[in-house]
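Below you'll find the structures, each written out as structure tokens.
Presented sequentially are two complexes of subunit A, the first with subunit B as partner and the second with subunit C.
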Partner chain A sequence: MATSYRVSGGGTISRRGFLALAGAATAAGWPAIARAQAREVKVGYILPMTGPLAFEAQISLNGVQLAVDEINGAGGVKSLGGAKLTLLPGDTQNKVELGNSEAARLIDQGIVALIGPFSSLVAYSVRQVTEKNKTPFLLLAAVADNLTEGGLRYVFRMQPNGKAMSTLTVNNMLEMARAAAVPVKRVAMMHEDGNFGTTMGNHVEGFAKASGFEMVQRIPYNLKSPDFTAELSKIKAARPDLLVISGYYGDSKIIAETAAKLRIGVHALVGLANAAYSNPRFIADNRELTDQLFDGNYWHNPQSARAKAVFDAYQKRFSQVMSSHSVQAYQVVHVLRDALERAASTDRDRVRDALAKTNLADHILPQDAIRFDDSGENANASPALLQVQNGRPLVVGPARFAETKPVFPVPKWKG
Partner chain B sequence: MTWGLLLQAVISGLLLGGVYGLVASGLTLIFGVLRIINFAHGAIMMLAMYASYWLHALGGVDPYLSILLTAPLFFVLGVGVQRVVIEPNRRAAEHNQLLLTLGLALFLENLALVLWQGDFRTVRSAISGTSFMLGDALVEGARLVACAGAVVVCVGLFAWLRLTDAGKALRALAEEPEGAALMGIDVTRIRGVAFGMGAACVAVAGALVTPFFYVAPDVGESFNIMAFVVVVLGGMGNFLGALLGGFVIGLAESLGATLLPGSLKYLVVFLLFVLVLLLRPEGIFGGARGR
Partner chain C sequence: MAARAVGLVALAALVALPPLLPKYFLEVLISVLFYAYLGESWNVLGGYAGQFSFGHAAFFGIGAYTSTLLFLRLAVSPWIGMVAGGLLAAGFGLFAGSLSFRYGLRGPYFSLVTLAFAEMLRVVAVNTKAVGSSLGLSIAPRSAPALFLFDGKLPYYYVILAMALGAVLLTRAIERSKLGYALHAVRENEDAAEAAGVDTLAMKLRAMAISSFLTALGGTFYAQYYGYIDPSLTFGPAVSIQGLLQAIVGGAGTVLGPFVGSFVLTPISELSRAALRGRAGADVMLYGLILVLVISFLPHGLVGWFRRR
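Entry: the complex of A and B
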């Protein structure tokens, strides 16, 4: 210490020099104290709260909200002195340019991580914004494979991507068909013509040869189309064993309804990441139509006691059954909480590094521990194969998570 | 390609086309008289669908019967909107009027979102699940009723325009605004009536499609864009042209879906649209003369 008093060269330190030193010391020490006492951790979300995906956006937000309140109610982030999570909202209206500007705005407001944005198209653009600003970006619902490509460091995806979703779902269906001794040789597919549906269509088609089935019809369609009779007639004429449908809510409803009236004549109607077919609301509104529909989708683990508790809490709070979008949204917030606990910091880079080292076994998904590979994909991500039975979507595959036996082939879809 | 598929395409196209025709009729009526392009047309249809939905959900009213309530209600609503929003801006530049109706559409859609969230709602009428086969082609009961209902309303509206004093005044105003005013026609009132009739048209169309469709804040878009194409095709302000144009577009859409791969069906529709604009900008059914 004595030597430091000599720096001003005058033998003893001047009064002004001492004050400057003291000031510097305080300034260096103060932020650490401030951080320890931080009462909030800002978390941003961007979702298409208005526009055609507003319904899905709202149920996603419900899941986020449930998790945030649960964490805050249980004492916040403990390693940050019990700091509470504060949600900052952003509305993309499902538009790329709004996704970018909302993301940038939230980052300016000091969020530690961004959750969203539902649509793959918007996500593809927003990830440049988060990457440039070194902000962890936890993808929600966006399934397009290319979102984690390009060596990005800040993008993480907990749910199965398009490839995992489609190949594992078709695999589950084929396995089930083999077990039932009903061969599936001809597959037809209808998908919406945006990035989501097209990705799914490409995978199923690309997967055909290796799996030994023929893709007899593949029809992309416009989500806003009010009639699909001509398209489905074409499919019926191609005599497929399975009809796979990747779509959103309204279009998927009209397709299933028209397929039923046309007596489409397949072993099963299978949704692939379908927004309607395993949606409790859709099932409740269309009981007869939905009975024995299949859907490969992200889901929860029905064997998990924790999942049951979360579902009860959701039901109580929002007076509706929790759907898969809310499950993903709920779980992704807990992945972030886990990373924040381990990072013990709101520094975005530290949070990012903690996310990269995630190994979370306590979760509600139908998979092993959540771990991210180098590209930011959940290495163990897996969809569940569901079938609607007695008005409830039940897990029928993979076998270790199944809660009941599948009905296959489905008599009512047979001609 | 089999005859069965073609027959199916023709039937589906005609059934859908009738509804397009009714929506477009309202649009073309408003354009003919007020000379504004009503971008809020689809949004008004959406509101009407919610009206039918709530009458069904809360009062157990069949969506078809709800027309008896919603059509007069939306007529009054249309008159009100015209009086309060459109009329004060009647002399504004055309692009401002365009923005005005666009703004109205955005307002109504977001109002619906605030009031009823983004939930998709479905209404089941007794007829929703019915269908029959005509040869190899499927005919859905609800779509058949929608098409027939749309045609009946269009024909009734046409008769109203031809035979009643109010209808004649409306046509006079569309043809020669100053002359109509000089003849003592209350042009302000008639402009309101035109907008009200346009709104009533989509109220009926909304109730007719609800049993086989779904209700959501952005549902009007599915019909609105097609209605614009139909109006241009049939001739701006041409009433019969709108109905016929509806059938043409419905057919183009479903034949496109049958004959072309993937989602190219709208290519046919919009190609038709561009061709008409280039070669016959007054519409294939002879411009405003068919009124």
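Entry: the complex of A and C
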């Protein structure tokens, strides 16, 4: 991957005793950096750059990088005299304690806001660090609903949380089914048994009654299971109209393959925040299998001219299609830029107040203006409903953002 | 005498310096002490009795879950929940220990059984809604010292410092007691110890109970400090490995081994990250390389190496 990003404050470390070195770094380096009133705005990120989530983390970082360079190239933050954004990196390795220490280090270095950390379990404890140090924390990719609970003032989440993601996706599906005059009464769900899948499963089950469908099967599974024939046979026997799947890459692939082999007999296979079903790489590698799969996920607004330009810039720079993770990362940096412009200050409290008053209409997401409610959640956050058609994931709902008509019911899944 | 003076100076620094440190160093120091504590706890069984447990996460998780559930569901202060968790973990340790020791499991077989016990508890926690399943349990941050919740990091630092020092003192007392000699005998040659009249089963169980009790207290500290626990964070193999790594690198079966190990390993990991920041993965490779070198050239750990010189 041909990415290069600026690393500030780093450099090489000479060979001395590490304690002496660590001491020297404290005494001389950091306070000086923190005090420096240069024409720059330091923005920290923490992402799981190493470990099992490294691929997704890199994609997110690409989005952040694209936005930062775009802003700097266009003259920086105008209200701060054209101050440039400087990115300070942090790697969590997806570990809670590293998330904390990296966040603390970046705050020591004088960042105005922190972006990250991808996984919810790291976010839980990092939000205590940012809250205590009055540093705005812009959540990226962490979906756990209760991350914004507890009267926190400095946590903001632009993307849909678990609840919005699952409610709106199923609503979009039901609406589409009504439009096609195909009743959806019985829903089955398979989800991975970690925090993410369980959150999604609880929500879908939770509003089944209110939405007028019956949850006929709900099967949590272990990510490492090599085979899902037994689970899917059980689901087939329950004769559902829809099969909803919340999972990661490998497991979601095996589930779709097995469902095809068993001739599962549903109107559609629907991913819910699925890591595979709308992933361009997965689709390219599995053209026949993925054709006409649905997925409710973070996405961009295909009607937006700006989104098109951003996608082109991304493609040119990173030689790959921009994915939903990079879209979120790109947009979150622009939310911060907007707040910095209005705050006209690098004071963290002023930036926080500006973030809280965000009302950003010029964005690339499939939703109305970005606004934060009192808990820091984006009040208008919305996922898009996608369907793979001719090897491309296309938005089919909500209707005002749709770029094409859905194929529903999907003939190939009909037993 | 010189060693004693160095120790006192180090202790004074640990007590007096932290309020002056930047947030990052305080954060790192807390995790150093936390791992030192886990290492000391593991050391009683793994180092002194020579019973290599790979499953201390079981006790850690029991501690974390007991105090957190008592707190969230019954509003019992985690200070009390901590002791309850410790006792429960000791009970579980005695149960798991008597099963495996009675059937003569030694060496790698014992290690594997402990690993299985921890994994079993993880799966149970994932599938039990009453304990939060995979969603885990979170403790909202606020300031309430009576509930083991503090405003800021410094109080947590002193708590974990006290716990770590307490574990060191307890280990020293054990080393000099009859139990310590008996454990030493078991570790060196269990059959010979048995022949010499040492009740090896009782001694091993005693070490198991102490070790699991201490580890569980660490679990409560983790839950209170980080504010969130889930099955893989508490019962996962990473927890078991973190504890024994400090002890092995520092010197298993020595009083200060885990302490030294933690004070060397965590800074190495932090420094390799600082030196190679932005080159994702390079720092982990460097850290791994250092670990390999230490283990191959210093089989008795850092403390053992000092003693031999």
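Assume the second predicted complex is superposed on the first by the 378 of 415 C-alpha atoms of A that agree within 3 Å, B and C clash if a C-alpha of one lies under 4 Å from a C-alpha of the other, contacts with A are read in each partner's own complex, and residues count from 1 in each chain.
One rule holds for everything that comes next: a residue touches a chain if its C-beta (ideal position, glycine included) is under 8 Å from a C-beta of that chain, and two chains touch if they have at least 3 such contacts.
Note that this is a predicted model, so its numbers are computed, not measured.
Undergrad: Per the overlay, which chain contacts more subunit A residues, subunit B or subunit C?
TA: Comparing touch counts on subunit A for subunit B and subunit C gives C.
Undergrad: Going by the contact rule set out at the top, does A:Asp227 touch subunit B (first), subunit C (second), both, or neither?
TA: A:Asp227 contacts subunit B only, not subunit C.
Undergrad: For A:Ala54 in the superposed arrangement: first (subunit B), second (subunit C), both or neither?
TA: Both partners, subunit B and subunit C.
Undergrad: For A:Ile254, select first, second, both or neither according to whether it touches subunit B, subunit C, the two together, or no partner.
TA: In the superposed model, A:Ile254 contacts subunit B only, not subunit C.
Undergrad: Identify the partner contact of A:Leu121: answer first if only subunit B is touched, second if only subunit C is, both if each is, neither if none is.
TA: After superposition on chain A, A:Leu121 lies in contact with subunit C alone.
Undergrad: Between subunit B (first) and subunit C (second), which, if any, makes contact with A:Asp193: first, second, both or neither?
TA: both
Undergrad: Using the touch definition from the top, say if A:Asp285 reaches subunit B (first), subunit C (second), both or neither.
TA: After superposing on A, A:Asp285 lies in contact with subunit B but is clear of subunit C.
Undergrad: Between subunit B and subunit C, whom does A:Gln303 touch in the aligned arrangement: first, second, both, or neither?
TA: Touch partners of A:Gln303: none, neither subunit B nor subunit C.
Undergrad: Check whether A:Asn359 is in contact with subunit B, with subunit C, with both or with neither, and answer first, second, both or neither.
TA: So A:Asn359 meets neither subunit B nor subunit C here.
Undergrad: First (subunit B), second (subunit C), both or neither: which does A:Glu131 touch?
TA: It touches subunit C, and subunit B stays clear.
Undergrad: Under the contact definition given at the top, report the residues of subunit A touching subunit B in one complex and subunit C in the other.
TA: 50, 54, 57-58, 193, 220
Undergrad: So in the complex, the part of subunit C that touches subunit A is made up of which residues?
TA: The touching residues are 21-28, 31, 34, 126-127, 133-136, 138, 140-141, 151-153, 225-228, 230, 232-233, 267-268, 270-271, 273-275, 277-278, 280-281, 283-284.
Undergrad: Would you pull the subunit B residues touching subunit A in the complex into a rising list?
TA: Against subunit A, the touching part of subunit B is residues 2, 4-5, 8-9, 11-13, 15-16, 19, 109-110, 113, 117-122, 129, 131, 137-138, 140, 143, 209, 212-214, 216-219, 221-223, 225, 253-255, 257-258, 261-263, 265-266.
Undergrad: Can you list the subunit A residues touching subunit C in their complex?
TA: These residues of subunit A touch subunit C: 5, 7, 10, 12-13, 18-19, 21-22, 25-26, 30-31, 49-50, 54, 57-58, 89, 91, 93, 96-97, 100-101, 104-105, 107-108, 121, 124-125, 128-129, 131-133, 144, 146, 149-150, 193-195, 197-199, 202, 220.
Undergrad: Provide the residue numbers of subunit A that touch subunit B in the complex, in ascending order.
TA: Contacts found on subunit A: 50-58, 193, 218-222, 224-231, 233-234, 237, 249-250, 253-254, 257-258, 261-262, 281-282, 285-286, 288.
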